[in-house]
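What follows is a group of structures, each given as structure tokens.
Paired with chain B in one complex and with chain C in the other, chain A is shared by the two complexes that follow.
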Partner chain A sequence: MLTYDLEADGLRGLNSSLQRQTIDTNQNNWEVVNPKGSHAIAVGLNAEIEVTVRGSTGYYCGGMNQQALIHVEGSVGPGVAENMMSGVIIVDGDASQYAGATGHGGLLVVKGNASSRCGISMKGIDIVVHGNIGHMSAFMAQAGNLVVCGDAGEALGDSLYEARLFVRGSVKSLGADCIEKGIRPEHTALLQDLLERAESDAKPADFKRYGSARQLYNFDVDRNMTY
Partner chain B sequence: MCGIVGLFLKDKLLEPKLGGLLTEMLITMTDRGPDSAGIAIYGSDNGVDSKLTIQSDQADRDFATLVTDVSREIGSDVTLQRNDTHAVLGVASDKTELAREAIAKLRADVRIMSDGDAIEIYKEVGLPKDVAQRFQLSTMSGSHGIGHTRMATESAVTTDGAHPFSTGPDQCLVHNGSLSNHNNLRRKLCREGIRIESANDTEVGAAYLTWKMQEGATLGEALEASLEDLDGFFTFVVGTKDGFGVVRDPIACKPAVLAETDQYVAFGSEYRALVGLPRIESARVWEPEPATVYFWSH
Partner chain C sequence: MDSKIPRTVPIQSATFTQEVNAEIRRAAATGIYDIRGGGAKRRVPHFDDLLFLGASVSRYPLEGYRERCDTSVTLGTRFAKFPIELDIPITIAGMSFGALSGQAKEALGRGASAAGTSTTTGDGGMTPEERGHSTKLVYQYLPSRYGMSPNDLRKADAIEVVVGQGAKPGGGGMLLGQKISDRVADMRTLPKGIDQRSACRHPDWTGPDDLEIKLLELREITNWEVPIYVKVGGTRPYFDTALAVKAGADVVVLDGMQGGTAATQDVFIEHVGIPTLAVIRPAVRALQDLGVHREVQLIVSGGIRNGADVAKAMALGADAVAIGTAALIALGDNDPKWEAEYQKLGSTAGAYDDWHEGLDPAGITTQNPELAARLDPVDAGRRLRNYLKVMTLEAQTIARACGHNDLRNLEPEDLCALTVEAAAMAQVPLAGTEWYPGKPGTGY
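Presenting the complex of A and B:
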């Protein structure tokens, strides 16, 4: 394992070293020590490498990730896994605002709670949160799956497109055009797979599914107070 | 943007280190607010005198004979401890208002930053590290303190526009965000007789809390009411003589992190600001909920 001391050697050096790894790299395992809440740790990676961050990070950890497995042994600041394309990001602690925002693919696992706007405008990413999520989560979410083992805050799934939302606990309120839908066998299989990969022992049968009522797709003058 | 830091000590043994810890936190938040910095520190209360923190851009001229002049004007002893552009005046507790009036009459260019039994406020334009150095913040001790690094939006980059703001005895407030109904609220509060010195939105927030408390609200109730009456984005951290509070607006897009151990409660706009605190690794660290008032007191 290669050890990178962020305090001693700086952020640019870390990200350029990690971004230099290609498909045939033999430097597969990295650890980052002394993250101390720094921003933009391990962003823009594009290789099947494993990066372990020994502590908590600031803004935008793992942004734009492709292929890499990033494991944060702490909490993360706003915008973790923002615009992730593929790969896996695991956060042992909590995530701040807009975790997984605009993510196109890959899996984001938050083992603690995620705060407001989790999965906002998600476009294909899978997000599993072991704890609770905050208000306005999955706002305008387009594709992908958001799985919440705890509770969801206000206005879940406001102006939702085709993302699927699964919540085990309570939902404080649903946003405009978001409704509860039934769980079909394909959803159970999907949940089973995501929960296993996220190392959660929650049971698919305990979840409810929420999705778009598809009433806001086109402008309708009679609904102008809803937009 | 703006950066906020705050530290409320539970463990008296840490009190001599308060200034040092806050200074480190403040400098870490430089890239959130490089244009001005300030700190409110709650030091010892000697039980006899009130402290007026004053500031002048021409301190040599304005402070030279101030003690004699104010003493004569209010008919009571006054002490002065200068610290760069600032000074702390010690006046008898029942003479605070007279001293304020005397300063306004005798020295038109002197600003009054705060008054109270414990609070002192130091703030200036400049990089946080330079402001901290100027006032030797790291050598200060106290029971709690709040700092701010400013990236100006709603009013000019001046000493008056820097945070913290104090609009009542031993009260102070710092703010990350921007208020959109501050002009209307300023007019209303001025009619109620609340003192507002600048064109800054945050000072109106501070004045609003002062007004609510004058009307009989506790700080907690005043903060609750602010969620209804203030329009805009805010993460507020407030200090009182023996208390420390945090509130975020319901949208909560301005960042905030709290940490608590058996020795302290700490606030940072980002976790980065907290990493130098004692035993932070074992602290309970969390993001304060939107529209929720948090408050601690000694």
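Presenting the complex of A and C:
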């Protein structure tokens, strides 16, 4: 395993080193020490490497990740895994706002809680939160799956498109055009897979599914107060 | 009734005009606000309210056609490893594939490249055709992040973080279902045929402190190679420019209210934001106060039509301008040859702005394959190149007449204003005087 001391050697050196790794790299395992809440750690990666961050990070950890497995042994600031395309990001602690924002693919696992706007505008990413999520999560979420093993805050799934939301606990309120939907066998299988990959022992049968009522997809004057 | 008694002539209200009344009736019938494309149509203080003074006894001109007048500009010299070098200071503003046909985007790329300048993507991401036909391509980073890919980000020659635009500062986007074709839907990860909404603010940052961190992330992902622009709509240009600089922008793009949009509420276009003329001097003052004028370049857009507009914007302190609506007209938008079809759509050439409906007879603001095929991207690209060349020649003509051998040597002292309002906004004297409102030392 290669060790990179972020405090001593700086952010630019870390990201350029990680971004240089390609498909045939033999430098597959990295650890980052002394992250001390720094921003933009391990962003723009595009190789099947494993990066372990020994501590907590600031904004945008793992931003736009492709292929890499990034494991944060701490909590993360706003925008973890923003616009992730593929790969896996695991956060042992909590995540601040906008976790997984606009992500197109891959899997984000938050083993603690996630703050507001988790999964905002998600476009295909899978997100599993072991704890609770904050208000306005999955706002304008387009595609992908958001799995919440705890509770969800206010206005879940407001202005939702085609993303699927699964919540085991309570939902404080649903946002505009977001409704509860039934769990079909394919959803159970999907949940089972995601929960296993996220190392959660939650049972698919305990979840409810929420999705778009698709009533805001084309303008209707009689619904104008919900836009 | 005695016909010999003079009658009161019917008087149309200056407030309830025929257009206003028609809009009230339309709103009452439909229950929805008017949506349209383009920028503000109302008369506002404008570059037309400024004049160049030209050479005189105190200044001598340069010989037209004989003495050099440079037009090149370098954008992104502050932090980027590879700033953008443009032959002319006129760039093509961001317009999306989706709002425009693939042919129109290709034509923009061809025309801009032939003229030695850049073009810009829009909401919805980068198409291979657009990248392929654009020598220099600026990639817009928008709140929606539709089609946003780090791979495309790295193909760009610059990144433009869009905070707002002049037609709708504070507003999001709208692409009605008629224009969400299979390809557009796929690029934006949306169901076909739905009304696509774009958020009004970015999903993962708010405020200038966050923006600074966002720019850091974008630079880290692109290896600090390409310039990062920050585009804002014209509202509070002094503070927006200062905050963009503080956040780390290489280039600030300021878009006045005449700047176009693909589709927005008419009430938004006409009533939010300030004129292009009014944004430049406060922005330049912010750059000067921070000691970065010319180090951080300023691009101004919104209603630029000809070389005189270019020269006036640059004289007020801009490093370059961007055009959108004018470029579309050069391609063939609103051409009178389609008048019969405009009439069928309830409009007329020059006034057609229902770009969101996807029925553009000129084949530019549409995703209808048959309509889009009407635009030959090679011919249209040539027209755009010609137009850009003419604008540049016009600006050079004016600069030489003012005694300058570089367009960026134009200065406010070359200008005077025709109206008090323009004098106040541009901070140049009213013609024939040495006075403008707010001039230091004048007491008013």
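Basically, the second predicted complex is superposed on the first by the 227 of 227 C-alpha atoms of A that agree within 3 Å, B and C clash if a C-alpha of one lies under 4 Å from a C-alpha of the other, contacts with A are read in each partner's own complex, and residues count from 1 in each chain.
Quick note on the criterion: a contact is a pair of C-beta atoms (placed from the backbone, for glycine too) under 8 Å apart; a residue touches a chain by one contact, two chains touch by 3 or more.
This is a predicted model, so every value here is computed, not measured.
Judged by the touch definition given at the top, the superposed model places A:P78 against both chain B and chain C.
Shared-chain residue A:N145: touches no atom of chain B or chain C.
In the superposed model, A:Q21 makes contact with neither chain B nor chain C.
In the superposed pair of complexes, A:S200 makes contact with neither chain B nor chain C.
Once the two complexes are laid over each other on the shared chain, residue contacts for A:G134 go to chain B alone; chain C is not touched. When the two complexes are superposed, the chain touching more residues of chain A, out of chain B and chain C, is C. Of the two partner chains placed by the overlay, only chain B lies in contact with A:G37; chain C stays clear of it.
Using the contact criterion defined above for the overlaid structures, shared-chain residue A:S56 touches chain B, although it does not reach chain C.
Shared-chain residue A:Y161: touches chain C; no touch with chain B. Common to the chain B and chain C contact sets on chain A are residues 58-59, 78, 97. Looking at the complex, you find that chain B touches chain A at residues 250, 252-253, 255, 257, 270-275, 285-287, 289-290. On the side of chain C, the complex with chain A involves touching residues 30-32, 144-145, 148-150, 153, 177, 188-191, 193-195, 197, 199, 203-205, 210, 213-214, 216-217, 220-224.
Note for the complex: chain A touches chain B at residues 36-38, 56, 58-59, 75, 77-78, 93-94, 96-97, 115-116, 134-135. Only residues 11-12, 15-16, 19, 39-40, 43-44, 46, 58-60, 63-64, 66, 78-79, 82-83, 85, 97-98, 101-102, 104, 117, 120-121, 123-124, 139-140, 142-143, 159, 161-162, 217-219, 221-222, 224 of chain A touch chain C when the two sit together in their complex.
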